[in-house]
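Chain IDs A, B, C and D follow the sequence of writing; residue 1 opens each chain.
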Amino acid sequence: MAFAVNLIIGHSVAVLTEIGVGDIREVRIIGWRLEKLFSRKMSEGKYLLTPKWRRSGRSGPVPVLFLAVAILVMGASLGVGTPSSVIRPGPPVNPSLCDRPNDAGGAIEITWEASHDDSRGRGIVNSYSVFRSTEAVGGFANIATINTGRDRYLYVDDRVKDDERYFYKLVAETGSGAFSEPIVIGPVVSSAQWFHSDRWNMLLALLIVSASVLLFIWMARRGKELYIRPIAGLQAVDEAVGRATEMGRPVLYIPGILDMDDVQTIAGVAILGRVARKTAEYETPLSVPVSRSVVMSAAQETVKEAYWDVGKPDAYHPEMVRYLTDDQFGFAAGVDGIMLRERPATVFFMGAFYAESLILAETGHSIGAVQIAGTAMTSQLPFFVTACDYTLIGEELFAAGAYLTGDPRLLGSLKGQDVAKGLAIAFIVIGIFLESFGYHWLKDFLKVN
Amino acid sequence: MNLELLGTWLAALLTLCIFSFLYKDNPFYKFAEHLFVGVSAGYWLCYNFWNMVKPNLWDNLVSGNWRYLLPLVLGIFMLARLVPKVGWLSRCAIAFMIGSGAGIMIITYLQTNFLEQIKNTLVSLNPAGQPWYGVLNNSLLFAGVVSGLVYFFFSKAHTGVTGGIARVGVVFLMVCFGASFGYTVMARISLLIGRMYFLLHDWIGVV
Amino acid sequence: MRRDIPLIITFVCGLTMIVQFFIPHWPFGEMKSYFQQSYMIIAAFAMILGICNLTKLHLKKIRDKRSQWGYSIVLLFGLAAMTIPGLFIGGIKEDTIFDFLFRNAHVPMQATMFSLLAFFVASASYRAFRARTLDAALLLIAGFVVILGRAPIGDSITWFLPEGYRMSEFANWIMAVPNTAGQRAIMMGSGLGIVATSLRVILGIERSYLGGE
Amino acid sequence: MNHGIVDKLKSIDRRIIFLFVAVAVVVPLLYPLGLPLKASPPSRSLYREIESLQSGSVVLMAFDYDPATDVELGPMSLAIIRHCFRKGHNVIGMALWPQGAGLARTAFAQAAEGYDVEYGVDYVNLGFKAGSIVVIDSLGKSIHESFPKDVDGRPVEDMPLMRNVRTYADIDFVMSMSAGDPGLPFWIMIAQGRYGKKVGGGCTAVSAPMLYPYYPNQLVGLLGGMKGAAEYELLINTKGAATKGMDAQSIAHALIVFFVIVGNIFYFVSKRREKRGDVRV
């Protein structure tokens, strides 16, 4: 519909201009407005002029309406001429070319601003055509047609070869097939970049974090004492094992349900070493159900070593560590059974847990056990916090592992992360100060593309 | 019997089998549970075949893209675990996965979890240009992020000022866990409603 | 040797993935998608490995007639019922046997499994979630506000408060301010943890993924 | 309080609790209460965003979920598409999850009822493509290269809607209905972060708290869980499946809160008794 109106108006305007009626620009504006009006009102089934229309027009509704009728009548009655050569729309404004930045080559960006006759300007343009050639004159081939509707346009031509000169020709086009003055720009050469210029901030962050982590690992390996703050849940371990001894009931330890390749499981097994030493000292029975075969062998090794270290190798039995099943709910049901049968006085959950956390912690609570949990699974932490006596939250679990094993890798990492956290706090404090006073450069600097 | 009806009945019976666990562990539940493990393993196998192996490996090799021989070889190495003698080869495949995964993670997490989050916390505390509650919320946001970070700071004991700030951090963390507690409960119940709706609407047809 | 090759592979792959982020130039620019595709292919093989192990385990169970071996048959039946049509009869498109089983067996069972948790949450609420410390009390209160505020009932039970200050608004505020702050602290902390671990893995300092020291 | 009763109630059979939950869910489904509902700011701002787009805008919608989360995300997708159709927007559907393509088909078919929309002109379903974040990135280069054919194998080049849509530059708003990974965080990272597009969407209730930090800077609007879907149904004034479930959700939530409170009362009562030395545990 809109197209048909445009066509009629296009022809009418052309005819009017040809026979020398009025200022061409004025007529074009009227034509465009009419087109808009018609297409909108026709789609709504109305032909009435709206108040909006009245407000926006420089010329009042009556002359415009008159002109419109006149144009239509003339257009229909004369219906002659080849208008496209005459009502050329304005060309694209400020065209420019550049190699697309930060890419692997093979792409050129063509940008331009809307023609004065663009639909958002005041004209009749409804598309732009992009042509490409390797020579300044001739050999241009159409590579794209872009619809209007913006103030600025960007077209990426990603079918070019690197290190070759290209010229581009831009043309604005009306719905009736009239073209603007072509604009030829160039030459431009596409190339690949060796560094992504928007990513300096990431490189800097990466270097700082890596350097501090590696520095502290190196220091820890050299035997430097690195301080780690005491962690509440860990301090409770001795007390909890003591309680089990007093009550003459076993200690149950669950190192999560993930495999040995998860850091949480590693930390869980490290803490198991500490708990096993205590149970060995007090000669309290220990039970460790696991859901992965690799975890089983690792846990067996750890417990065995603890019992040897304390000088009670006879008290160690490999059956202390039991493999139940890989299946999540199957494992939960199995542990539930163990809890109800053996009624442990103390239960540890240290490692990665999923939905089964809830079931396990509930049963543990119902048998009146003291429960100490630790996990980095944020979705499970709420259940542990409310159902257990102590909970190691997220990174505390890793810190506990590092603290207990004295492993320089873990200690160093933790220290390095602390440096990064310190820097983050500093950045936030400074940044908020700057933002409050209207300086945005730090925020801009942190933006990664 | 039409296929749709058959499907609904199958789904309804399996749903009831699993719900029967709530009464107690029983053969119906065990049946459904084992069937589920089998079906889901089969599902993921086919899914992986058609969406990973076929388009990424097979199609590439067929069209002569020989660089995809590398993942094929590594994939076969992965299967070497089944033969204890050459089992160590699977370590190469695992090393590839762990290595490239670690590389991607460093970049992604540093960007989205670290730099972007610092950037998002840089809010204005200036009362000019925003209402009083805007300033209050921004201040709380600032206090929460910083004190939370202090809580996860392991180089300093939680005593004195540090201890006080860390304490504030715990308050924020607890509210945050409360929120995720709420949403988890909500999601589980939504799923239950979905199942009940299925039983009442699609199967029995009373709703 | 058997130890070194995997370590070298890890190092090279990890470093490549980091470098490609900074260098758009060939060949680094293309590395990411190639590595990601390769990763997925190998992961698919790992899955096959897992299924082989599963099958082996249950075939053995059936052969030895161990307790409850009947269920192993059920499991293998489920596997075959999905795999044979999925790979050989019609594939996994819509209106295939695979799709039928997926929609009418896999999906309902999975959804029901998870909806069981709604019941367990209720029972744990009654029997285990205790405000034994101030922290836990705070958590539960925030939880209440969100649970009630995120369902229509929250506003209904705080009808006496003026519009705009009811439970749902309070829940929204909790989500937008304290929750966002807390989540951010956790995100930044755990993000750094992941970065440090990945770094150790790439540099070969952390090798536990290769199976013990 | 009588000790015997407290102890008995404390150690109540969990099956009785289960029964309470079942009743709390089933009864409101059978006999709806019609509790009043109100939209939260992230839902409203998503609605406003779509409302404020000019008629004829192009909206990209990724169906990044599977039937397992269809309960929560399905009603959302349906409501959003309906809203888009009502406003005269063009919707391009795609999926990063393989089952998403089928779910998109159902959602489009349902939403198209009652609106004068035509496939290929007002909406298309490009289907699923594997590759997660790489696919999101590739749309910035060429949508036609990433999706040469639609979900049914028809060439995208021939569709009137797709003729003018080639890259992110031609898309006005990006949405992801996201059940996990790949999902909204990746869209935010690439479409918003790298291409500067406005991104919004929906997610499951479980992932809502994790996505909240992105709102409103990186994420225009967010629908969280079934409640989010019901809110959107309210905003567009078309009741659907999510609204039906809301009463059950309300009662079940109230029940959980009630249980926690009662459980804690018993806990504190017995703790006090323990202190007084009445009972040894």
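The rule is simple: contacts are C-beta pairs under 8 Å (C-beta built on N, C-alpha and C of every residue); 3 or more make two chains touch, one makes a residue touch a chain.
This one's a predicted model, so the numbers in the text were calculated from it and none came from an experiment.
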Report summary line: Min route length, chain touch network, chain A to chain B, equals 1
Query raised in the report: Among all the other chains, which ones are in touch with both chain A and chain C?
Result: B, D
Query raised in the report: Count the touching C-beta pairs: is A-D or B-C ahead?
Result: B-C
**Report entry** Centre-to-centre distance between chain D and chain A (centres being mean Cα positions), rounded to whole Å
**Finding:** 18
Query - Mean-CA-position distance for chain C and chain B (Å) - result: 3
Report task. Go ahead and note the Å separation of the Cα centroids belonging to chain B and chain D. Result -> 16
Query raised in the report: What positions in chain A touch 2 or more of the other chains?
Result: 202, 206, 209, 261, 329, 378-379, 382-383, 385-386, 394-395, 420-421, 424, 448
Requested in this report: Name the residues of chain D that each touch 2 or more other chains.
Outcome: 18, 21-22, 25, 71, 98, 130, 193, 205-206, 208-210, 213, 224-225, 227, 249, 252-253, 256
Query raised in the report: On chain B, where are the residues touching two or more other chains?
Result: 22, 33, 37, 47, 50, 52, 56, 98, 106-107, 110-112, 114, 116-118, 120-121, 142, 145, 149, 152, 173-174, 176-181, 183-186, 189, 191-192, 194
Query raised in the report: Are the chains arranged, by touching, as a line, ring, star, complete graph, or other?
Result: complete
Report summary line: Within the complex, chain D is touched by chain A residues 147, 154, 156, 158, 368, 378-379, 448-449
Requested in this report: Give every residue of chain C touching chain D within the complex, in rising order.
Outcome: 32-33, 36-37, 40, 92, 94, 99, 102-103, 107, 110-111, 114, 118-119, 121-123, 125-132, 140, 143-144, 147-148, 150-153, 155-157, 168, 171-172, 175-176, 179-180, 183-184, 187
Query raised in the report: Which positions of chain C touch chain A when the two form their complex?
Result: 18, 21-26, 28-30, 113-114, 117, 120-121, 123-124, 127-132, 135-136, 139-140, 143, 186, 188-190, 192-193, 195-197, 199-200, 203, 205-206, 208-209, 211-212
Query - Contact set on chain B toward chain C in their complex - result: 3, 6-8, 10-12, 14-15, 18-19, 21-22, 30-50, 52-53, 56-57, 67-68, 70-72, 74-76, 78-79, 81-82, 88, 90-107, 109-110, 112-114, 117-118, 120-121, 137, 140-145, 147-149, 151-152, 169-186, 188-189, 191-192, 194-195, 198
Report summary line: Interface with chain D, chain B side, in the complex: residues 22-23, 47, 50-52, 55-56, 108, 111-112, 116-117, 120, 176, 179-180, 183-187, 189-194, 196-197, 200, 206-207
